[in-house]
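Every chain is named by a letter (A, B, C and D) in the order it is written, and numbering of its residues begins at 1.
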Amino acid sequence: MAWLLAILETLLFIAAAPLLAGWIKRVKCRLQNRKAPSLFQPYRDLRKLYRKQPITPHSASWIFRAAPYIVFASTVLAAAFVPLVTVNLPTARIADVIVLVGFFALGRTFQVLAGMDIGTAFGGMGSSREMTISSMAEPAMLMAVFTLAMSAHTTNLSQAMNYVLDTGLVLRPSFVFALGGMMLVAVAETGRIPVDNPATHLELTMIHEAMILEYSGRWLALIEWASQIKLMLYGVLIANIFFPWGIAQDFSLQALGFGVAMIALKLAVLAVLLVLSEVLFAKMRIFRVQEYLSFAYLLSVLGMLSHIILEAARVHH
Amino acid sequence: MSLFFAYLSVAAALISALTALATNRRLALDHLSQTLLRRWPAIQTKADKLLSETDYAERHRNSLFILLGISGICALLAGAGILTSNTIATDTLPLGLPWLHWHIRLDPLSGFFLCVLGLPLIAVSLYGPGYVREFEHGKYSLAVLGLFTGLFVAGMELVLLADDAFVFMIAWELMSVASYFLVVFQHEHAANRRAGFLYLLMAVIGAIAIILAFGVLAGFGDGLTFDAMRGAVLSPAWASVAFVLALTGFGMKAGLVPLHAWLPEAHPAAPSHISALMSGVMLKIAVYGFIRFGFDLLDQIHWQWGVVVLIVGSASAVLGILYALQQQNLKRLLAYSSVENIGIIFTALGLSLIFLSSGQTELGTLGLVAALLHCLNHALFKSLLFLGAGAILHQTHEQSLENMGGLIHRMPELAATFLIGTLSIAALPPLNGFVSEWLIFQTALQAGNLESGVLRSLIPTASAVLALTSALAATCFVKLYGVAFLGLPRSEHAAHAHEVRHRGMLAGPAMLAACCVLFGVLPTPLIGAMGNLTLQLTGFQLPNTSALGWLWLTPVSPETAAYAPSLVLIGTVAVGWLCYYLLYRRTGLEPRRAEPWDCGFGGLNARMQYTSGAFSMPIRRIFQPVYEIRETIDETKEGPAQTRVTALRYHFQVPDRALLVLYEPAGHAVLRLARWAGGLQTGNIRTYLGYSFFTLIFLLWVIS
Amino acid sequence: MIAVYLILLIPLIGMGLLALLGDSPKAGLINTRCNLLALLAAIWLAVDVLWNGPQLSIGRMLYIDSFNVYLVALTAFVGSTTSIFSGPYMQHERDIGRLTAARLKLYYSMYQGFMLAMYLVLTTNNMGVMWVSMEGATLATVLLVSLYRSPESVEAAWKYFILCGVGIAQALFGTVLLYFAAEQKLGVGGDALLWTELHEHAGVLDPAILGLAFVFLLVGYGTKIGLVPLHNWLPDAHSEGPTPMSAILSGLLLNDALYAVVRCKMLVDGSLGTHMAGYLMMGFGLLSFLVAALFLHRQTDIKRLFSYSSIEHMGLMTFAFGVGSPWATFAALFHMTTHSLTKSAIFVTVGHAAQLAGTQRMDKIRGLILTQPNIGWGLLIGTVAIAGFPPFGVFASEFLVLVATMHDYPWLTPFLLLGIGLAFAGLFRHIQAMVYGEVPEGQKPIEANLWPVMLHLALVLWLGLSIPGFLGNWFNQATQLISGGLPQ
Amino acid sequence: MSITDLDLYGQAILLLAGLIALTSFLMLGQSRLVRLVVIFAMQGFLLAAATALAAGVLNYPHLYISAALSLVLKGIVIPFLLHRLIRRLGLHRVMDTIDHPARVMMAGASLVVFSYYVSLPVVAHSPLVTLNAIAVSLAVVLLGMLLMITRRQAVAHVVGFMSIENGLFFAAVVSTYGMPMVVELGVAFDVLVAAVVFGVFFFQISASIDSLNVDQLSKLSEVDK
């Protein structure tokens, strides 16, 4: 039963990801006074891509062809570990938050390798930038989740959420810092403005797009979908770790229903925040990104330290 | 039984060393057999067949490595045997000083490291025959290579078996000096000679530090056997002196910053299968020495030591990988990454020391297990990578990444095995590198259990550094693989490379790759096997990890953290295959081959792609303060008055700060001192008489 | 006891014999034979002493105990192996016309004369006679240093003569004082200089005088050991003389001078009851060790290089004897053996290397391993051994010295560490360059008899791996004798 | 006790001691080689006389032998050989002046004081007042070394060396009434051989640098030029 539920949740996750993307586009258009496409445009795009015949460059190796599947699979697995509407699912036991980060890294690695596989200048450029950014973002992310893990005494996500739920609303300075860090990282990792611009193909600014420049057809679809799932993953992480209220703690129907509604609401709100930031800020130069990310890193480490110094100082074992 | 296997492995290594001397001695051997075996014609005919002209060389070459392989297998058996059977085998050999015979002891700790030694050794013995063939007709004699390889291996095995300071140091120095001869094997390159000299010099100094550390224990425990030393009761001050000496000595061999300077010089200089042994195994022997000294011989542990080790370890980890990122020479890059991994291991050891000193035995044990596991993992994937690098070198004769590229098309099988090595050293799930780093993070996350707030805030900072390190490591090795194997070939050699012919040269790395996957997916039994070991060192055994069944890894408790790599692997494969099935099999749209689009720029060629230097440029900019970057841009100008710049060429070097700041000044200081000393030898006899006159006067004055 | 007389008689006869027909082509063989005979006698004596313990000759002029008997054996052994090498070597020198018949006569007879003096220094029981024969050793070798008559060799010989003469004179003054102190207690007559007597009654001798005496003796014999700052003659004499003589000088003469000092130390310690002598020796030893290690870095001449390394090792031994604990003493005795074996082997190899390259300048010698592997490897392995790498014996003694120093004078260990590091770097930076690398023009293989080298190195290797029982007994007994305790 | 209440022998010994010290000083100041050798011979005679005196008064017959030895060797043979060498090598006109005579003399004087100060503990434990002569003999040894340090001529070095030997002999005589015979003979033999070897060296040196100025023997120097 639990396993079935877990699989269902994962499927829901996968299915809902394009919807979130559509929502974000829509809100953005509204804020920019443009006419918005329908909410389901992403699904149409994906379907269109599946139908198209993919093209492999001559110099491509098997890595180029395998990468989309690996990227997608690793993202889906990551999605499976993260409690969406309910905690205490068995999948949450398979892997904890460190493994989650590991899986992001795995997917990214193959994406980058695929980018370098063709031997185009853009592929290399994108890969180099992607790795640079991630090598600063990943530690920040780890620090942020460690802060949570240390106060919850677990790296297991559903345990941690339980912990937050049980202790109720406590104003922890560490969580505030961690939340800040986490949000900055999420923006960077999902390739949004001000770090990267998913909508551009302007040579010198693109990062993520530069890597997948040579992809087409179903491969491109898989990658796009994977990045939509990733975006949603970060959203869910932020939402459920820092504001877990409303997530179902048992498997009763109305609890689950309420959980779905709540997560949808939270994600919608987060999406609006994201869009606001995207509309308000301009994309920054690649070498400014390091300052941005080291600030995220700093926030997370501060969160950790403030947990150690301010909150846990009187804990004795 | 295990001890017997251990002796057997040492013997096999020594025999292989002796066999090496028979290179190109066929006639002598033949003559010998004629004279000796005249009585027994049956054996003589066999001997004649063995010594027959036809492919004697190949048979001889293989026999060397078969013996090494036997040595490795025996080491593995001995280690596994002692690890599983909870016993300690001791023995005394009638060698050494008249009042101090060689004490031999095989316990779980040494057993574990025998396994760490055994696996790469077997791989090397598979790989070797194909690799050394190119030295056959060169000016460098195979005899030297084989002799010192055997001695090197025997030395490492003896270090693990030693149970008194004397035999330990003999074996240790044997290991150092034998590996020196291997480093300078290709001695016509001045760089190799320099590397060898630096290596041996630092080995000497490190060894003296270790001897002195033993000296302290021997003084208090009056006796040079390890048993006597265990009994030594030291004042904290003396204990710290001993500990610092040991850390210096073993750290110098392990390559801790700033004592690592020899490492990136020496490892690239040696033949690749030797680099694999040096980087994969010898560094672990140093770690073994440190564990033996700090966890076993010293009676109590102080938390300050842990802090020192933690700081040094973190520094080594992050600096090591930062320098590795900027290397363009493949083997140099791998060497620097060894510095990084040793740093990670010592970070874990530091955590373990801190926890043990503050009475948190189970967490201390966890740290120790993490460190040991990472030792094994690094031994596996670093040897794999060095063997792979050797194969590339063997096929392309290119050292520099900038001249490689596109090898995945030329050497697909090697590329596949190398990829596994890359992924595991980049600590990606579900491979083995990730498991040990996961455990280290789990240890660090328990910092909350400590009393002292200072430590509680120090450890998270260290884990932050660790996180940064592993992220940079991923970048570094993605760069390595992407530049070397993917894209378009950057040189003629790379373009015309082909897969290695000798199957062994693939079998060796493949075996290691298999181990990487296996230990990555099923780490639980391995950790279970370390129970006796930790019981012996810390008096604690990790709670049986099967709280959720043996598939799960739950070091602390199921609630705190759980990781089921095998399920993860299954899940990934399942999803991947599902997509493949749905999207490919069903739609059945065959992909079309075409020119890359590349934003519409046509005429793609190899010089347009990102080079290794370009790939790591952003990191170079971001971490500017760490490096001493030397960039040069030379322009070729043409036209009237050389105004028009027709071509630009950009070079950069990132010399090691430690060399510039510590080592070169020290060298100059010595020379200055020597010049001063030379002033004593004026050459004028009257001055000399004056010396002796004033010495006499001075002494007389002192006496009365 | 007859063995002792044989040991003294054989070189005496040999000296006379070779003085007559030292220029005949057979001379080398005769020389070797004499030494081998002496070696046999020495072994006989060794076994004798091993079974029957210390022995006094009639008239108590000669005294053999476990301390000097193994030095006698060592001296005989190194003497013979070196003579085996010296035969062809000197023949080659004569063939290329560096030597005349008369000088060959001088060389061979003085070789035996030197051996005689060495045996006498070791076996005599009379401090006066010890001094006389020590001076005799100088006189025997001084003309060999200037054998080639080149300006440098004459200069070196002159310095050797004057400095050692003056030094040894001070030793005589010390002996006089010793006699003076003894004869107040033991009465006038020959006994008062007998080491056995002195050692027996050391307790009652006047400490003030013995202290004074030791200073003179140390400065005197220390000059011969080559302790800094009394060492200046040593590198010159070693580098300018014929190579076999360098081998025996640094393999034997230095040892025996050190032996004399240790004998005196035993007396002085007995009388003073303080550790004064030990401190002096430690001071000198450490100074020599460090300064010599520095000198190694500046050398251009290969034989000079190794003579400085000899100074360095003698310094280490002196230091170890000064420390005086059983561990240290055992180490020092063991080091005496391994060092003289290894160093004489190295000098033999160096001689060949110099002949092969036609020069002693190190920057002219390159790529030995490629030119003539056995010489190259001999030099390299010898250096590795002398630098104290296991499994060679030198390592065992250095190991014990370090441990013992850490035990008794921990604050001195940094200097030892520094010294060993410096010495290794100084030695190896030159050797590596000579052994490896490209072969220069006109460097051709020569026919060389290297089995003395192999024999020595094999012995050192064996000693490093395991010390045979009887030798172990010697060392233990000698350690007991000197330090009054057994190591364990 | 002071010199007044010594017997004649003691006074004589002390007198001789003084004279020997004086000869050392004379050598120190002497710049002509020939005269240097002559003074050295005088010192030999004085030494022999002292030895004979001791032998006679205390009737140690073996001291006569050593007296004879030193008379022959130090008094006659060696000076004679040196003199002939000087003539042969044409050094009888060579001036071997020292740079700062006054300072050297001062140094010599302070050496005497120093050696007295050093030998005090030795003397303290003995009834023999002649022991004070030990201080003198030590002074002679040190002065001999000082002579060698200050002079450039090889001949002067030999003389200095020999006068050191004299000092040793004198010490042996006055403190212990001579060493055992075997040692005496051995030492004498060594001295003789040494003298011969010196002779050989003069020719070798003058052959190689056609002078006997030891300052020119400085090829084997390790100072950076």
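Assume a contact is a pair of C-beta atoms (placed from the backbone, for glycine too) under 8 Å apart; a residue touches a chain by one contact, two chains touch by 3 or more.
No experiment lies behind these values; they were computed from the predicted model shown.
J.: My parser should flag the chain pair with the most contacts; which pair should that be?
T.: A-B
J.: Subunit B to subunit C: how many Å between their CA centres?
T.: Here the centre of subunit C sits 43 Å away from the centre of subunit B.
J.: When the C-alpha atoms of subunit A and subunit D are each averaged to a single point, how far apart are the two points in Å?
T.: Roughly 100 Å separates the two chain centres.
J.: Averaged over CA atoms, how far is the centre of subunit B from the centre of subunit D? Could you give it in whole Å?
T.: 69
J.: Centroid from C-alpha atoms only, then distance subunit A to subunit C, rounded to Å. What do you get?
T.: Each chain reduced to its C-alpha mean, subunit A and subunit C end up 78 Å apart.
J.: By residue number and range, which residues of subunit B touch two or more other chains?
T.: Only 675, 678, 681, 685, 689, 692, 696, 700, 703-704 qualify.
J.: Would you pick out the residues of subunit C that each touch at least 2 other chains?
T.: Residues 158-159, 162, 166, 170, 212, 235, 295, 298 of subunit C each touch two or more of the other chains.
J.: Give the residues of subunit D touching no fewer than two other chains, as numbers and ranges.
T.: Within subunit D, the residues that touch at least two other chains are 118, 121, 145, 148, 157, 214, 217-220, 222.
J.: Applying that definition of touch, give me each pair of chains that meets it.
T.: Touching chain pairs, listed by label, are A-B, B-C, B-D, C-D.
J.: In the complex of these two chains, what residues of subunit D are touching subunit C?
T.: 118-119, 121-122, 124-126, 138, 141, 145, 148, 154, 157, 161, 164-165, 167-168, 171-172, 175-177, 179-183, 186-187, 189-190, 193-194, 197-198, 200-201, 204-205, 207-209, 214, 217-220, 222
J.: Which residues of subunit B touch subunit A once you look at their complex with the stated criterion?
T.: Residues 405-406, 408-409, 415, 419, 423, 426-429, 434, 438, 441-442, 445, 447-449, 451, 453, 456-457, 460-461, 463-464, 467-468, 470-472, 474-475, 478-479, 481-483, 486-488, 548, 552, 558-564, 567-568, 571-573, 575-576, 579-580, 583-584, 587, 589-599, 601, 604, 606, 608-610, 614-619, 621-622.
J.: Using the touch definition from the top, list the residues of subunit B that touch subunit D in their complex.
T.: The touching residues are 675, 678-679, 681-686, 689-690, 692-693, 696-697, 700-701, 703-704.
J.: Which of the residues in subunit A come into contact with subunit B in the complex?
T.: Those residues of subunit A that touch subunit B are 50-59, 61-63, 65, 69-70, 72-74, 76-77, 80, 93-96, 98-99, 102-103, 105-106, 108-109, 112-113, 115-125, 127-129, 131-132, 134-136, 138-139, 142-143, 146, 149-150, 153-156, 159, 201, 203, 213-214, 217-218, 222, 286-287, 290, 297, 300-301, 304-305, 308-309, 312-313, 315-317.
J.: Under the definition above, what is the set of subunit C residues touching subunit B in their complex?
T.: 158-159, 162-163, 166-167, 170, 211-212, 215-216, 218-219, 223, 228-230, 232-233, 235, 276, 280, 291, 294-295, 297-298, 369-370, 373, 384, 387, 389-391, 395-396, 399-400, 402-403, 405-407, 410, 413, 416-417, 420-422, 424-426, 428-429, 432-433, 436-438, 464-467, 469, 472-473, 475-476, 486-488
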